[in-house]
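In the part that follows, the structures are each spelled out as structure tokens.
Each of the next two complexes has chain A plus one more chain, namely chain B in the first and chain C in the second.
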Partner chain A sequence: MAIIEAIATTYLEADAASVTFDDIPSTYEHLQVRISARDVSNDVFESVYLQLGDTGHSPVDTGTNYSRCYMYGTSSTATAAAQTGSSDIWLGKIAAATSNSGSYGSLIIDILDYANANKNTSVAGSNSSGTGTYVRLTGGVWDDTSVVNAVLIKGNGNVVRGTEMTLYGIKSS
Partner chain B sequence: MAVWNVIDHTELSSGANSYTKSSIPDTYDHLCFIASARTDASVHTDYCEFYLNNDSTTTKYSQLYISSGSSTVGSSKALSSSATLGFGGEVCGASALADTFSTVKLWIPSYANSTNYKQIVGEICTPNSDTTNYRWNTYVADTLFLDTSAVDQFTYMVYGGSDNFVQYSTFTLYGINGAG
Partner chain C sequence: MTTTTNTDAPAYLVDGVLTDVEAWVPLQSHVLGADATGVTFQSSTGANDWSQYMDLKVIAYCQTNTEIYGIMRFNNDAATNYNTQSLKGDGSTATASNWDNQSQVHCGFCTKTADGANIFTAQISTIFDINSGKWKTVENISGSDQNGAGVVEWLTSVWRNQSAITEIDYLGWTGDWKAGSRFDLFGILPRMVTA
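Let's turn to the complex of A and B:
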């Protein structure tokens, strides 16, 4: 029996505003999303965000129910911050239109105990922009104890054709 | 042969100061510890530590981390070069947003090797709805265990003896295989 299973992979054949993994089974302990993505915006890199959903939100909660904290480094600085009352969890930056054409940002996002209705859902995300100029660690929480059944990833602009995201389920028995 | 294997999974039904897995088999290449943890201490963030092979008294641990809890990143901060425990980050305490648990991930590569010192690398994130400095944090943490013995016991604990991890905290220890 495999402990890690691929639940779904999305490979974009055309630019898209977001990627949603819906109807996620509650049979795993943790979820993980692995992302290779690029944004169409006219910048070197652009932000990428996460929202979560349950049966009461279709497909995800867009309310101001998220808090997030992070530290990041660029080629010249290192800094950190925290925000609350946000409508998403800001995960970091991905390469955008004015970066090298073959550059894609990468993210690994852990979503722990997503099916445990006794706790809010916390996430941790590691990010590299793919431009050689931005690296980041993010923590976030959705202030809702509902069982998560949907994960949405969105760019600041559209994410481009060739972007790939895979949702994994990680078991604990 | 499965790559990832569950060695142990524990969800607390009541408070406990620590999580321990003993008699860890030496049959995997690496260990990965994933926890969703919160403590009962009346603080926003609460220090955690870990130790290996039931060794929490000798100064075999060298700790290093970068962290945030304010706008200033603690760049390459040397915490201790002669600690008696490994560094486990800071997790949500009782004053943090209700029902919110930190994410903890520690890797112990080549844990069964009996020639090399053991390196433990981790990421710990403690989000909170209170954005006041040091009421939230993120850590990238490294501990060098100055001992060549194979690791057969792992303990993750709240620093200080009186605080406990709360009910619903979960701890999972995975064994990771390579090829062949």
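Let's turn to the complex of A and C:
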């Protein structure tokens, strides 16, 4: 039995506003999403966000039920901040239209104990802009005890063709 | 140095049919029996043919003799084609630094022998979408606690090259890796079966 299984891979062949992994089975202990992505917005790098869903939301919760806490480094500045009552978890920044066309940001997002109906769902994310100028760590919470069955990743603008995202399931034994 | 390489047939191919298997595949390991300037991972055959993986992950547990940084180069490129952004904590202060046009990926501060013979540093590196036509993005986390002091560092680097990665050199910046250091490479598969 595999401990880490690839549940689904999405490779964008056209620009898209978001990527959704839906109908996620609750047979794993944890989930991980690994991303290589770029945004169409007219900037060096742009923000990328996460929303979660369950059977009561279709496909994800867009209400102000998320909190996020993060720190990042860019150039010689280190910054830490937090927000609550947000409509998503802000994961960081990915390369955008005015960066070199080869630049793609990266993210690794761990969604822990997602199938436990007695806990709010916590998320830990690491992020690189893919430009060599922005690095970030994020912690986030979805203030909902529902079993997660959908994960949505979206850019500030569209994410571009060539973007790749894979959802993994992690078993305990 | 003891080196092991996994050249078994890929497990996701069963009688010619794609199947879902373990997404993390151990590819190569180097364990140093004596000091060495660096270790090299190379793509070869079977499971160690890197062209079948989405990402690569290097887990290093290492110590240097004189210098402070672990570094990485791809495909023998030692030209100034790498940029790095760092976010670092030293126990009391968080700082950020940026280095453009470097000749290496910075993998983080690494303990040296003078810090304590048995104090090693954990460095974990992820290299994304290694077979794409993208510039290659790397995330590194490095933890080097020294029993009351030390450095924890989160770094990202970009290799300004669109080639598929087929070789990784993992080096001490100017010093040697000490005996006892080990370096393990894993390949990370995408979903192999169409839903």
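Just so we're on the same page, the second predicted complex is superposed on the first by the 173 of 173 C-alpha atoms of A that agree within 3 Å, B and C clash if a C-alpha of one lies under 4 Å from a C-alpha of the other, contacts with A are read in each partner's own complex, and residues count from 1 in each chain.
Just so we're on the same page, a contact is a pair of C-beta atoms (placed from the backbone, for glycine too) under 8 Å apart; a residue touches a chain by one contact, two chains touch by 3 or more.
The structure presented is a predicted model; accordingly, all values stated were derived computationally and were not measured.
*Asks:* Chain B versus chain C on the shared chain A, clash or fit?
*Replies:* These partners clash in the superposed model.
*Asks:* So, does A:Asp113 touch the first partner chain B, the second partner chain C, both, or neither?
*Replies:* A:Asp113 contacts chain B only, not chain C.
*Asks:* Just to be sure I read the superposition right, which of the two partners does A:Thr74 touch: chain B = first, chain C = second, or both, or neither?
*Replies:* A:Thr74 contacts chain C only, not chain B.
*Asks:* Contact-wise, after the overlay, does A:Ala2 reach chain B, chain C, both or neither (first, second, both, neither)?
*Replies:* Both chain B and chain C are touched by A:Ala2.
*Asks:* Who does A:Ser18 touch here: chain B (first), chain C (second), both, or neither?
*Replies:* So A:Ser18 meets neither chain B nor chain C here.
*Asks:* For A:Thr133, is the partner it touches chain B (first), chain C (second), both, or none of the two (neither)?
*Replies:* Only chain C; A:Thr133 stays clear of chain B.
*Asks:* For A:Ser36, decide between first (touching chain B), second (touching chain C), both and neither.
*Replies:* In the superposition, A:Ser36 contacts chain C only.
*Asks:* For A:Ser86, using the defined touch cut-off, is the partner it touches chain B, chain C, both, or neither? Pick first, second, both or neither.
*Replies:* neither
*Asks:* Considering only the contact definition stated at the top, list the common interface residues of chain A for chain B and chain C.
*Replies:* 2-4, 71, 73, 78, 80, 126, 137.
*Asks:* In the complex of these two chains, what residues of chain A are touching chain C?
*Replies:* 2-9, 34, 36, 71-78, 80, 100, 102-106, 108, 126, 128-137, 162, 164, 166, 168
*Asks:* Given the complex with chain A, which residues does chain C contribute to the contact?
*Replies:* 20-24, 54-55, 82-88, 94-98, 100, 126, 128-129, 132-135, 137-139, 141, 154-158, 160, 162, 188-192, 195
*Asks:* Considering only the defined contacts, which chain A positions touch chain B in the complex?
*Replies:* Residues 1-4, 29-30, 67-71, 73, 78-85, 110, 112-113, 116, 118-120, 122-124, 126, 137-141, 143, 145, 170-173.
*Asks:* Using the touch definition from the top, list the residues of chain B that touch chain A in their complex.
*Replies:* Listed in rising order, the residues of chain B that touch chain A are 2-6, 9, 34, 36, 38, 66-73, 75, 97, 99-103, 105, 123, 125-131, 136-138, 140, 167-168, 170, 172, 174.
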